[in-house]
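Got some structures for you, see below.
First chain A sits with chain B, and in the next complex the same chain sits with chain C.
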Partner chain A sequence: MSDELKPDELLDKVDHTPSQGTWMTESVQIRPGMYCYAAKPESVETLGLPNARSWNPMEADWKLPENWQEIIHNGIKDRLEKFRTFKIFMDVCVRCGACADKCHFFLGTGDPKNMPVLRAELLRSVYRNDFTTAGKLLQKIPGGDKLGGGRPLTLDVLKEWWYYFFQCTECRRCSVFCPYGIDTAEITIMGRELLNLLGLNIDWIATPVSNCYQTGNHLGIQPHAFKDMLDFFTEDIEEITGVDVAPQFNKKGADILFITPSGDVFADPGTYTCQGYMILFKYLKDKYDLDVTWSTYASEGGNFGFFTSHETMKRLNAKMYAEAKRLGVKWILGGECGHMWRVINQYMDTMNGPADFLEEPVNPITGTKFENAKSTKMVHITEFTADLIKHGKLELDKSRNANRVMTFHDSCNPARGMGLLDEPRYIIENTCDNFYEMPINTIREQTFCCGSGAGLNAGENIELRMAGGLPRANAVKYVHDKFGVNTLGTICAIDRAALSTLMEYWVPDVEVYGIHELVGNALILPGEQEREMDLRMEPLPGKEEADE
Partner chain B sequence: MNQKYMVPLAGVLLLFLLAYAGVEGAGMQWFFGIIVPYVAVIAFVGGFVRRVMGWAASAVPFRIPTTCGQQKSLPWIKQNCIDNPDKASGVFMRMVLEIFLFRSLFRNTKAAFNRNEKNKLTYSWEIFLWVGALAFHYSFLVVIIRHLRFFLEPVPSCLKFLEFFDGIVQLGLPGLFISGAVLLLAALFLLARRIFDAKVSYISLAADYFPLFLIIGIAASGIAMRYFTKVDIIGIKSFTMGLVTFHPVIPDGVGGLFYAHIFMVSALFAYFPVSKLMHMGGIFLSPTRNMANNNRAKRHVNPWNYAVDIHTYEQYEDHFREKMIDAGLPVDKKE
Partner chain C sequence: MNFNQKLEQNKKQIIDQWFLHTINSYPQETARVLGKLKNRFDNPVGSATAHSLEESFNLLLQKEIDIDKIETALDSIIRIRAVQSFSASQAVGFVFELKKIIKTVLEGERDNDFDGKIDEMALAAFNRFMKCRENIFLLKATESKRRIHSAFERAGLVTELKEKELLDSDKS
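And now, the complex of A and B:
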């Protein structure tokens, strides 16, 4: 990874002053390290999406259907009618530039086309040319195109769309600062939908989508293997705590269905967060007889369909309600994940509801009604755990996290597509004594993306990811240097994978933790042995010598 | 690069000269003073309504506000009712602050990167765009309201009140209206930003310079008439009253500068609905700002929601049944 471009070399390239000239006429240079491989045809075929074939972005011929311009034109037209956001955002931008330096990809790469306004202009220029009165009139005058800022949809423009719509993580930071609320995520979503009409997806999205559709989760873990993974964790936890926390699967009549991103089951350090959930559920089962089940069918909280098209998102998300209905649970609890929660909070009920077969969620242990989730009937695990802690229902030993000097990374989607800010912080404060916030312009609604969201967490685009993650890493480094922070807490599965790589690159002394890993360490299980190790099998603070 | 603002600048100068010469040389007062303003107003109203109706006709399939603060969740967690509203009252406040105080722009920061041993990215509060924008819009509003005196007889006392405050510095004769000067300065500031800020310059189009030059032209010609050439106000009032009462008259003794002013205003009106200036209407309809973040509590309905193919549990179990049984996972059908 880092043998390709050292941090210092990457920093040398950062320059936020665009060159002279106009962006419209510069044709796109697709550069290795900055793009993801093309979708494999078999993955595109699984869901019957258009134009499955093998193709390579570096080759001139992208094997497009002959009438591709017509397909895009009709696709734009259709979406202008279906989405008011799209139509307004195409029309009202005044190019004031407030968003320009808000994007982590612009800050990390200095590429002017990563300024949110220009990313949108890539599409807007075609919209102006083909769909506005002014654009159509101006086309008739020689040079008129330029005056109106329009340009025809050429192959070069299409390639530019592909390159830059897959350099946006749909994090919405720019949208916070836009005086009209223009949301580049929304434009990128439309852009990617249009590209998908021509089969122009990336494999890091298409294959997880295909896996999720067939197997139930992005990683394609089959049901028995999914169970095996949790069985491994059960063994590890038993070794650490002496308690058997074996989870239940596909259990009909359970109280709660629990769904979390499969990354937690399969990829370190998310696996430790997963163990945190398992310890919590065991505790609640033993103490309060709460019956939680996992599902192997709905074994994916994340939804890479969201990065493909609205329809694909709906097709993948449908499993959550379908499984809850089949199992006859009361309501659904969701794990720590970013875009999963954007989908649940802002799309799920509308797409696949009403969930009238579920009950309005109530925490049976505290009696708290989750009023904010009474229609969708899905509760975020940090809402759930924070409620338990507030009511004194969890016995926590903070000292077991005493060697953690924490800071917290707000994940983009829970921050700007939900507003889940204080729940995770409350849990951190109750499970750990050392907590320092990063600078105010880099947290909460102004948080910086990990640089790998929205399906861009691949290996081949590592330069893009490390550059895009620079603003986040830079803020972590600040608290690392100032307060000795050694742990970056997060509530997102992509973050747990992406930030680990990012920290290794920029701030090597900082480890990435899920919030429920802290809970898993601190929670005192009934009948547990004296713990010597944390969930990572590292000695607990004060137990270091016993280890030798 | 120059082309981006030289063409619009030339265009505005041309508009000015066209009207000036048309009146002074060809005596076309009736065209520039009567036909053009009527056509422009019709184009403005018709275009504006058409554009807003066009937006309103598009569906709002999902409730996707950008949340800028703590959500409503547990009763003991303090919600940010304005930046993350769950009720109509919060949305209303958010929109009021957005529309009247440009709240999102107020947050603006400026990023800087220092390549040294610390390699720090820093973000400082950047207030000038907000100040410039606010000064520009409010002074423009005051100028427009002040101009109502030309279209109302008798002039309402609230207008006189506004004029009193606008002229409170009591400088020169006729007294200086602050609004006109601020409008000109703010527009010049916004223009300077577009030309000299490398990033803003890079993203700017001819369509961004044109309305700025036009407004600068309007403000400058207005100021020139009031303070320097001292136009015949009585004559102009009879002209403007003629326009609003649909009995248009051409006054004597009003020169080309006035018609150039009117022509540029007309051009701005006619241009408005086909341009980015429609942000004035668009801001009210922006779904990331005008919706409550309560989608989990209150179901939002998508008017074009349609059924999709999904991979059902039955298909899944059929595919994996044996493996599931071997692993001890419950299944619906044993065979």
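And now, the complex of A and C:
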């Protein structure tokens, strides 16, 4: 850990030997199973991003503009001037190697270019060559480029950027271990921004971004279909509980606007988490008259613009505030999502804020002020629910989750991007009796990524995903074997989808649950019938015989 | 001392060399990291490889080999190699290397029966490799359908004939 290392010890670790340089001259081998398909031209066009055309990464010609090197050079120059972090991160790395073995993609794929230090060097080597005095001088001396660690930007180098910057989930585990605090995710973010200047995005990002920009969510689901899905969940919940939990849509003057990733509404098993939110809101309406509305326009909490460029992220994020303003709510409550919260916690306020028209979030039922959300005006639902439980405001029947032996996967962005570590655990412990932590070096700030974040949860790159998810799955397998854990809880929509497949490959007996699915099962709604089934329509513990 | 006893006596050396050889199938910079057996959660590939090789070797030392048990013991190493950048032969090739290692450690001595056991283990490794690859393709084929299509289907937004209905229609 960085704070255990004294400056002298750090200096002792610095290797002054020039690198052998072989990695610099090897051509990239693009392997099927490891990369995502290229962005469709129509999706690139929607946002007016450059160089929309059909192209295939496996073909030699990537159909780049003639002056592509100049575009990239100017792109780097602009960003070095605009973002001080980028300049510092380019200059300050001493290649100590502390990050090298901390990346799930390196550990899983065994590809040295997935060591965070080396992935960053792919870009840094070009920076050294073109933007540093030493680099410019050294390239004139025979062998000097090797000494300075610089190399010119060739087509091979560009292809290598594309291949490896889309093999990073921006999870920031490596940065936890960096003695200089270099945020390697920001290097990937910059790398992807530069690639986008040439139209080199992947389709699993570009099409959701285009959908979100046009329709309001990543899947391109129109308002009526969004409402249809929640109506359908209402019917299911009524069958299970006997209570009509029909939500409110686009209600002007509601207390709170609720926004969650569209994956919760359309993708299993997130749909059960979504039903958990609906049950909670009904409970709060009946007991405490809390007025929560959903929006069919701001129908996406996630923001794949974040994986494209900062400008795109800003454009998609703006609709949350716009809708909150239109509806005149007091503040925004956000669902269980991963990168959504990094965008909100670290970027929203300076991108689209200040949201002066909203109130500082206060839980009207408990009086708790969410100080951390004072500026963004947006509260994470696990903070909200944990606060309700802490104040004894929810009636919970833990026995309904008695067949769940839980462990908890800290999603990278809420854990490392906003420090949300204890609230989800508190909810699990109050809704379920069986909870076992995975080993300490795989959870909380040191959590291992699911291997599919930052827009990489496509089907065509499944080998990359299974390899990248290995360190996480390995820790789940340990608690499964040791404690009989059968359920992996998580607070991220990508996780709910990605970890389900990951578990099928590595630990097939483990199912994936959102935390509010547990809440939905345990919460006793006023006037409910005796429940026989959980939200997945499986018999509740002790009700198995009744089912037969 | 019979051949098996000699293997028992030199077990540690054989397994260490086998591990080293297997880890060296990765690029040099990677092998340096994966070869360090520290915490099993910080180095899952190195740890699973070491564990899997040791368990498999112990099973080979049994009088009668149980091929199912060997295949299960190989699962963790093969499951990993099946998603890494190895060809099929590279992924299972480490098994045959055991013959060379034993010959070197026992200074040229070899045993036909034991070589036969190693061949059987290689076939088990290949079986497991194929199962893992089939698993990958199946996950790839069903994932998107399960994720999104099933939600739409439940909501009645799309409809499709179920496998059972198709089979029934065949009967009619």
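Definition applied: the second predicted complex is superposed on the first by the 527 of 548 C-alpha atoms of A that agree within 3 Å, B and C clash if a C-alpha of one lies under 4 Å from a C-alpha of the other, contacts with A are read in each partner's own complex, and residues count from 1 in each chain.
Heads up, the rule we're going with is that a residue touches a chain if its C-beta (ideal position, glycine included) is under 8 Å from a C-beta of that chain, and two chains touch if they have at least 3 such contacts.
Here the structure is a predicted model, which is why all the values come from computation and not from measurement.
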#### Entry: When chain B and chain C are modelled together on chain A, clash or fit
clash
### Query
Can A:Glu383 be said to touch chain B (first), chain C (second), both, or neither?
first
### Query
Of the partners chain B and chain C, which touch A:Asn441 in the superposed model: first, second, both, neither?
both
### Query
Which partner does A:Asn474 reach: the first (chain B), the second (chain C), both, or neither?
both
### Message
Looking at A:Ile256, would you say it contacts chain B, chain C, both, or neither? Reply first, second, both or neither.
### Response
neither
### Message
Between chain B and chain C, whom does A:Asp183 touch in the aligned arrangement: first, second, both, or neither?
### Response
first
#### Entry: Which superposed partner A:Ala100 touches (first chain B, second chain C, both, neither)
both
### Query
Just chain B (first), just chain C (second), both, or neither: which does A:Thr109 touch?
second
### Query
Is A:Val510 touching the first partner chain B, the second partner chain C, both, or neither of them?
neither
### Query
In the superposed model, does chain B or chain C contact more residues of chain A?
B
### Query
What is the contact status of A:Asp228 with respect to chain B (first) and chain C (second): first, second, both, or neither?
both
### Query
Looking at 23-31, 113-121 or 203-211, which bit of chain B clashes with chain C?
113-121
### Task
Report, in rising order, the residues of chain A that make contact with chain B in one complex and with chain C in the other.
100-101, 107, 112, 115, 118, 228, 439, 441-442, 470-471, 474-475, 478
### Summary
Counting only contacts in the complex, chain B reaches chain A at residues 1, 3-4, 7-8, 51, 54-64, 66-78, 80, 83-84, 86, 98, 102, 104-105, 107-111, 113, 115, 119-121, 123, 129, 133, 193, 197-200, 202-208, 274-276, 278-279, 282-283, 285-289, 293-302, 304-305, 308-313, 316-317, 319-320, 323-324, 326-330
## Note on the structure
chain A residues touching chain B in their complex are 11-12, 14, 16-23, 48, 80-88, 91-98, 100-102, 107, 112, 115, 117-118, 121, 132-134, 146-149, 172, 175-183, 186, 213-214, 216, 222-224, 227-228, 249-252, 296-297, 310-311, 314-315, 318-319, 322-323, 326, 344-347, 349-351, 353-354, 368, 370-376, 378, 383, 386-387, 390, 415-423, 426, 439, 441-442, 444-446, 470-471, 474-475, 478
### Query
What residues on chain A touch chain C, complex-wise?
31, 33-34, 100-101, 106-112, 115, 118, 219, 225, 228-229, 232, 266-268, 271, 439, 441-442, 459-460, 462-463, 466-467, 470-471, 474-475, 478, 497, 501, 504-506
### Message
Per the contact definition, I'd like the list of chain C residues that touch chain A in the complex.
### Response
26-27, 29-30, 33-34, 39-45, 48, 79-80, 83-85, 135-136, 139-140, 143-144, 146-148, 150-152, 154-157
